[in-house]
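Shared chain: subunit A. Partners: subunit B in the first complex, subunit C in the second.
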Partner chain A sequence: MNTTRKTAGAIGLALGLFAASGAAADTIKVGVIAPFSGPFAQYGIQYQQAIETYVAQNGASAGEHEIEFIYKDVGGVNPDQSRSLAQELLIREQVDYLAGFTFTPNALAVGPIITQSETPTVIFNAATSVINKESPFFLRTSYTLWQVSAPMAEWAYDQGLRTVVTTVSDYGPGIDAEVSFKAAFEAKGGEVVDTIRMPLSTTDFTPVIQSVKDQAPDAVFAFLPGGPPTFTYTKTYNENGLRDAGIMFLGTAETEESNLQGLGDMAIGLTTAYHYSAAHDSDLNREFQAKLHELHPDGIINWASVGAYDGVHLIYEMVKAAGSDGPAAVEAVLGMEWESPRGALTMDPETRTVIQNVYIREVERNAETGLLENAEKGVIATVGDLGWDQ
Partner chain B sequence: MLRRYGSQYAPAVLMIAVAVAAFFAFPFNLAFLTRILIMIVLVLSLDLVLGYAGIATLGQAAMYGAGAYAAGLFAIHVWADPVAGLLIGALAGAALAALAGLALMRTHGLTLIMLTIAVAQICSEIANRARDITGGADGLRGIRMQPVLGIWEFDFIGRTGYWYAFAVAAVVMVLLAVLVRSPFGLSLRGIHQSPERMLAIGAPVYWRRHAAYTLGGGIAGIAGALTAQITQLVSLETFSFALSAEAMIMLILGGTGRLYGAVIGTVIFMWVHHTAAANDPFNWLFVIGAMVLAVVFFLPTGLISLPPALKRLAKGGRHAGS
Partner chain C sequence: MDLLLNIAVDGIAYGMILFMIAVGLSVTMGLMRVVNLAHGGFALIGGALAHWLGAELGLGFWLAAPLAIAGTVLIALPLERVLYRRIYGFGELQQVLATIGLTFLMIASVNYLLGSTLLPIELPPALRQTVDLGFRQLTAHRAAVIVVGLVVIAGLWGLLDRTRFGIRLRAAVDNRDTASAIGINTSSIYMLTFALGAGLAALGGILGAELLPIDAYYPLRYMVLFLIVVAIGGMGSILGSFVAALAIGVIETASRYLVPDLATIVFFGFVILFLAVRPRGLMGSA
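Up next, the complex of A and B:
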């Protein structure tokens, strides 16, 4: 601890003297703000595991700089806490980069201060387009809701589906999903027959599903937060005969890996559009998963893990290019292309969200492992943040 | 008039000394210290309502959130002056409390608790629905404050924020200190202990409780306005049940019915929370739980009764906590 502090002091001095030389071997700190306790702790745990995996694969230094991660628990949606943690990290710990951020308000709250301190901040999850407009120092390695919902709508139309009912949980992300799906589907010439918003806390979807059945659309688009709602929604979807009636299920993150096994056989055949499946067929993905499971045998791997993994890669590249010079670091990675466990990525210079493949997947049971997985049926689009201009 | 409160000066001077010392001792933690000060204001409002007037509530966040949204919207659309924003926040909190209080103050006990929770939930849902105005689940953003009194800019390290929040907390503290010693404050204590008897001697119990609830709402609104101005973002979580419950725990920890109890409880809870979470971001909740349990078992009247309890323990008394 003592030596780190001394080193930090030395860096401060060195930086003061040779502002942008960056020649000396030093330590660059990265503050990670995420939920590590409470109901959303899974996010923080997955970030940390992905970060450790990247460090195990690539070493603890980028270029001539040592990288050190400092973790801070923000609990849940808590912008006050998020902001004061960011201030503490920047002022006391002297971090040069911030990362993490699961929820939109937590990310928005640090916008003004990272602009002031010129600190590149990598968002691992929060998926609202508007965040990156708050500060030119935000970079996002996750996705935005528009990015996956709009291609889903276009793909559905191309498959010959003409009428859709949307059913979304009544909160910010759900409404974003509804609006983007509807806009894209109607632009193609399809018809959204009905838009149903379901209370966030409900677990009884019978009336919703019945209403969908009565309207007999070609497909039903769903957006739900993970966990129990998804479970009962898919159960109700099957039990009320929507599947038998030929009403196709279209979703995004509903079949994500952390609760996929819990859904059981009733999930088989559900169609989703998303940017990452743990079953993605590439050597890079297999290496990533093998290393992560070597370090954490019980670790769950889903989009949050890969968002953090790619986020760390971005930070390493920024450090290699510009050390602790924030504006130069952001400048250096704009337009950068690299290969990620999810496929090819480009950091869009305009929206600062990654341009990536969106895959169409179907839930299947893997013949070898006997486990459910999101089998990729093909790339349906390679897109940037479609919500940027909305 | 002033001499009557002479004995009250010592703790007040001590608190100012602690605030100044904290400013110099923890120059890197000003953002966190500021959050403690804001929380103190909220817990003080709860102390007036629960500790003095005996109104059991788990929905103090309703007024806190109303104050936060009102101050935030006022700063964005009308005038970004911090002090004016505080007044708007106070008005919004008081107005909501006055309106809800008309119905709430007719109930007691569990019904009252449930209804206060319901009011906060309704407010949260309204803020969620009115997305065009409040930003919904994304939060209300774009709050940029002018300098305090036109002189002190809000700075990056948070010095202005700290002294501003301290000044507000101090003013609230002084106002409450005067209020609880006034005939009005004494009648609240009377109502807390025996509403029937107060009614019998002619005190308008319903309206007194209503006034106390409204005042408490106004103070909670000030706390909300402070947080909106300093964080520059208001989220739906300002209405959350967790916030009301945490404020209640802080108050019980410190000791209800005493203003210094509210202050001590808040400082200790948040400090332990902060230290424990910093040292172990995964298991810190356990430490908080153990602390609250220990206090409730051994010091049922709160941490403020620790010195007398220790004194008694030293003398060999058996019931240290009572």
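Up next, the complex of A and C:
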């Protein structure tokens, strides 16, 4: 099928040369697989808003090609559905690119298919390192857990923190976060006193927090999925006086923007290491947000938005360079450098995850808007996927 | 020693929150014998209203919470008239399907109106402070939940065991035809009891929100938890739910202190064992 399409493309190109310029450009389709309904619908909505923002800023065509996005709802963590949607998009809709993917299992499920069909696939979110090893056609514009957890650990050591207890939700990303934090912190000479893995269904974190308090480390490192668990965890952290006891909170995505206002004043002072804050101080970021809010006044902007925004940029560059030729398209953007709303990015030719800045941030209340934000205190590292060789 | 005290304090506080969110269900499902999976939906409506009244209209907690409970009851009453009245007569499976359908409608409505992000309920300063117990701290909010829980169990016991309403309700549930034949207005009894269940659900949703935060998917997220409390307690027994909630709170808290990695397995292991030995629950009647 692919060969026929390429032949057809070649013939088309030849005819096009004869017909001189001005002929209508072909359309390249991009299939976006993400949750658009259910508890995780927020991700899909954010991807779509970011994509529309990019298109509004840059037009609907890349080079000679019109670009069309087709959205498919995968619902939630559902690898089977993800695979069948990818098949449907590739076979029936004849898409040339895939994008989206919030959850690691959903991304892993399409690995063999995209290798076979040679379809460049841009991951907007899923953050475990192993995904990109499953297919040479995976490219990632989000981050990996190693990428933010290890710099967090090194920064913590440099701040004089020597003992840490890690508390992570007991699932893939949580374990990645724990392992990477521990490895980096111990490599520096620090001590991880205890590693607590909390079942995903945990609703009351008091026992965990109380155990941490009893061990009296310098800091507690946390990784939890967004939403209710993070909300309850940070609440419990404050209420049980860990902050007053001098046990610092270290996190990554816990203070992300979609639930930050919901956390309220108790979030103030929480320290996180992450690659994007909506409060990042740059013109590009402000333009991105202004345009997105012009299209969607109530739109929430966080790492998922910027992951999609940069992902679309990557797709546009691939289309410009190679049209629908998958392998050539991937080849064309390896090592590409560009400026994103989050800062400078490079597409790492080896890991195919972006090399980016990791910022240290602290939650503050913005004096002008009265809203909570992740105020960036500095760049603590510029790193690629540190988990690639693990 | 400290560990035991910690387990006791946290376990009772957590158990009381479980009781608060499940007691409404033990009224509708236990007393009225309707498998009301929409219970969490009423808790969600209560919590969402409290959030909306507090965050959007700027009302204080002490005003917003009672208004939200009243609002939930106002929504529940017509639902009882129009829907539940028919659902009472269904078989159990049909009740499950009808009420879970209703739950989806509630989720979708809240999602549409308020979005899918967290809907925090701002607590007043009085409940946000911490109480020093000597060996550790406890938040005033949890202490308040313990007090309210005790008031609710005492109130329900008084209402059901010591008032005419309670006698009529028990008569209506045991044999509806005979009860109405001797002049008890069973339909208004059912409506009032259902309203009570919904109001308690809303109260539990609001008070429990610190631990089980409100968002549009609240009913599905915690449905199993509500059902476990009622199943362990035994259908139809408010006191059973109370004891069950405290026991579950203490067991779950103990396992989180002692074997945090295995807490979920330990917890469900206990539930399975218990129900295998006593399928009718702690105080279930045959």
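By our rule, the second predicted complex is superposed on the first by the 366 of 390 C-alpha atoms of A that agree within 3 Å, B and C clash if a C-alpha of one lies under 4 Å from a C-alpha of the other, contacts with A are read in each partner's own complex, and residues count from 1 in each chain.
Criterion: contacts are C-beta pairs under 8 Å (C-beta built on N, C-alpha and C of every residue); 3 or more make two chains touch, one makes a residue touch a chain.
All values reported here derive from a predicted model rather than from experimental measurement.
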Legend entry - Clash or fit (per the criteria above) of subunit B with subunit C on subunit A: fit
Legend entry - subunit B versus subunit C as contact partner of A:390, first or second or both or neither: neither
Inset, instruction - Return first, second, both or neither, reflecting whether A:208 touches subunit B, subunit C, both chains, or no partner chain. - result: second
Inset, instruction - Identify the partner contact of A:231: answer first if only subunit B is touched, second if only subunit C is, both if each is, neither if none is. - result: second
Inset, instruction - Go through the superposed model and pick first if A:41 touches only subunit B, second if only subunit C, both, or neither. - result: both
Legend entry - Contacts of A:57 with subunit B and subunit C, given as first, second, both or neither: neither
Inset, instruction - Quick one: the Cα-centre angle at subunit A between subunit B and subunit C, nearest 10 degrees, please. - result: 60
Legend entry - After superposition on chain A, the shortest CA separation from subunit B to subunit C (Å): 6
Legend entry - On subunit A, positions contacted by subunit B and by subunit C: 38, 41, 170
Legend entry - Footprint of subunit A on subunit B - complex, ascending: 28-32, 34-35, 128, 131, 136-139, 141, 144, 156-158, 227, 231-237, 277-278, 281-285
Legend entry - subunit B-touching residues of subunit A, taken from the complex the two chains share: 36-38, 41, 44, 71-73, 76-81, 83-84, 87-88, 91-92, 104-105, 108-109, 111-113, 116-117, 128, 130, 134, 170-173, 175
Legend entry - Touching residues (chain side subunit C, partner subunit A) in the complex: 2, 6-7, 10, 13-14, 17, 111, 116-120, 122, 130, 136-137, 139, 210-213, 215-217, 221-222, 225, 252-253, 256-257, 260-261, 263-264
Legend entry - subunit A to subunit C touching residues, read off their complex: 38-39, 41-42, 170, 196-204, 206-208, 210-211, 214, 227-228, 231-232, 235, 239-241, 258-259, 262-264, 300
